[in-house]
Amino acid sequence: MESRTTQLAVGLFVIIGVLALLFLGLQAANTSAVSSGDTYRIYAKFDNIGGLKERSPVKVGGVVVGRVTRITLDGEYYEPLVEMTISATYDEFSETSSVSILTSGLLGEQYLGLNPGFIDDTVEMLKDGDYIYDTKSALVLEDLIGQFLFSQGSD
Amino acid sequence: MSSQDTPQSPYLVEVDAIDFAHAHGAHQVYSGLSLKIPRGKITAVMGPSGIGKTTLLRLIGGQLRPQKGEIRFDGLNIPELSRSELYSVRKRMSMLFQSGALFTDMSVYDNIAFPLRENSSLPEEIIETIVLMKLEAVGLRGARHLMPAELSGGMSRRAALARAIALDPELVMYDEPFAGQDPISMGVIVKLIKSLNESMGLTSVVVTHDVEEVLTIADYVYIIADKRVVAHGSPKDLQALDDPLVKQFIQGEADGPVPFHFKAPSLNEELFGDAGGQHD
Amino acid sequence: MIDAIARLGKAVLDSIAGAGAALLMLLRALIGKPQLRKSFPLLMQQMYSVGVLSLVIIIVSGLFIGMVLGLQGYTILVDFGAEQSLGPMVALSLLRELGPVVTALLFAGRAGSALTAEIGLMKATEQLSSLEMMAVDPLRRIISPRFWAGFYSMPILAIIFSAVGIYGGYLVGVRWLGVDEGAFWSVMQSQVEWHQDILNGIIKSIVFAFVVTWIALHKGYNCVPTSVGISRATTSTVVTASLAVLGLDFILTALMFG
């Protein structure tokens, strides 16, 4: 009957749609554990976050381990507070780790560079909700130029 | 419902003093129209074109609501029924549309099987039997595999008639069944309406302006003009009546109480009105 | 002056009444107990004429738009030595914007106008009235399956559009212009997020599907049943649906990515 071929065509249509979705999910998007799966959050305060944005990557030695999920102002002096979500696969960062705001290339996006600290018996591992205190703010070009001119002038 | 307790009224449909105007036009179609349609008879509703005869059928079918008055179908007041009640009443009536209104994407067979499939849970074999019987009644059993587009005007109207009687309704409303038909298919349809009415005990309402054809089969005739019923009676009574309007209508005179001209200021006034006014 | 205000008032009232009628039509068509046995074949039939038959135009347009994006993006990005970013540029434009929006516009032109004309013609030939007189609700029998078919089809079409478009960008960027294949995909993967980009694109597409199908059905169901009326309704479907899609796209983009 005619309805049989119709059903077949509609079935194929839906299958093509699912295949296209799979293609998008697997080939075009990052389906690593960062965006889905278990994560934990840690916080860091900076003096200046420069061009850091929500969703900027958090990298360890160039490898993405998480994303910046929220940027707020915190405390009496309104210091920028960055919340980052780190994949639970990497849960062995010590308290002594440091984060700095880095730029990928000369014109690239800014990202958080996480440097794992040393480990011995006295330091604990970072848990969900912990703060990293050793932070290095973004380099702001205007400040750099200002410093350079200032140091020139004082010579 | 209530009709089971009370003795059956001799009238299947009673239209009682309705006022009706289409929502978006100030043009009043009916004011205080009343008529009664007797059971098991053929009632003709006649009138000049454009007085809303089709509107009357839509009112009876509940597709339109009058602003005032009652329309009772077997004791049920149609305008006050809820949606589901209305749909169950509609299973007892059917309507033959002027254009036939066959579904263009199905064959003749499927068109006639459609109301059966939708409104009953009969098995397909029984549906087939019923469809073939109905097609036989209108003489189109051989055309069941054709698509509506392949039918002539007369044939498609007969197919639509077969569909209208598929569910064995109590009331069949014919909307201009003779319009645009050649004399032969007109004769066929006249004969079909008559024979279906007799064999199935249907109540038929024929809305038309084809006076001659309908007077041969109608048991009772209403003439509508000027928003109300102007005359009614058996065909014989009407022909004997001396009312100028009825005469004009039955004899088909061009001008009379129903004016040839659409309502307008007189020609003199329109052409020379303003200019004449200045000259005077 | 007072006349003008009165006319404005009437226009506002009319459009409110129109929107109300459209909403009522949709509610009546969709609410009520579903009859799976009867409505499933109807849905299949409509999925076929609304979805499957739109597939060719969607695939062809998707491929070409992806290829153009690849070409344009390359010539811009290569000036900054950033041609590795071609992948995310193509993918993000398609997933976030072009996939849902262009699909909706094509759908309005291809399937929406057909729906309006079909229903308008059914109305003009009294098929809708005759359904009503057969105690079959045309909203349930005619409108509802068409609505669901459009609602399900368009997101699928948008996904296919984006996928084909990305492939088109890949063809031009990698195969023709020589962007490094590994960089093309890996930079794309590092920038495109499942939730933020793909899912939001699909949500957009679902909203557009709802609106475009609704407009098409409403225009057909409430058209003036004459040849002029149907042709006006069909034009109006394409115009109204396209404008609605573009306007809604701005609002959705502001909510999702703003």
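A few points about this structure:
A, B and C label the chains in the order they appear, each numbered from 1.
Note that in this section a contact is a pair of C-beta atoms (placed from the backbone, for glycine too) under 8 Å apart; a residue touches a chain by one contact, two chains touch by 3 or more.
Because the structure is predicted, anything quoted here is derived from the model rather than measured.
In terms of which chains touch, the assembly is arranged as an unbranched chain of neighbours.
With centres computed from Cα atoms alone, the innermost chain of the structure is C. Taking each chain's centre as the mean of its C-alpha atoms, the one that lies farthest from the centre of subunit B is A. Centres computed as Cα averages put subunit B at a distance of 42 Å from subunit C.
Taking each chain's centre as the average of its CA atoms, subunit A and subunit C sit 34 Å apart. Centres computed as Cα averages put subunit A at a distance of 75 Å from subunit B.
Here subunit C touches subunit A in the complex through residues 41, 44-45, 47-48, 51-52, 55, 80, 82, 91, 95, 153, 156-157, 159-160, 162-164, 166, 185, 188-190, 192-198, going by the rule given at the top. Interface residues of subunit C facing subunit B in the complex, by the touch rule stated above, are 38, 125-127, 129-130, 132-137, 141.
Chain contact summary for the complex, subunit A toward subunit C: residues 3, 6-7, 9-10, 12-14, 16-17, 19-21, 23-25, 27-31, 35-36, 55, 57, 64, 107. Touching subunit C in their complex are the following residues of subunit B: 58, 61, 63, 87-88, 90-91, 93-95, 97-99, 101-104, 114-115, 118-119, 167.
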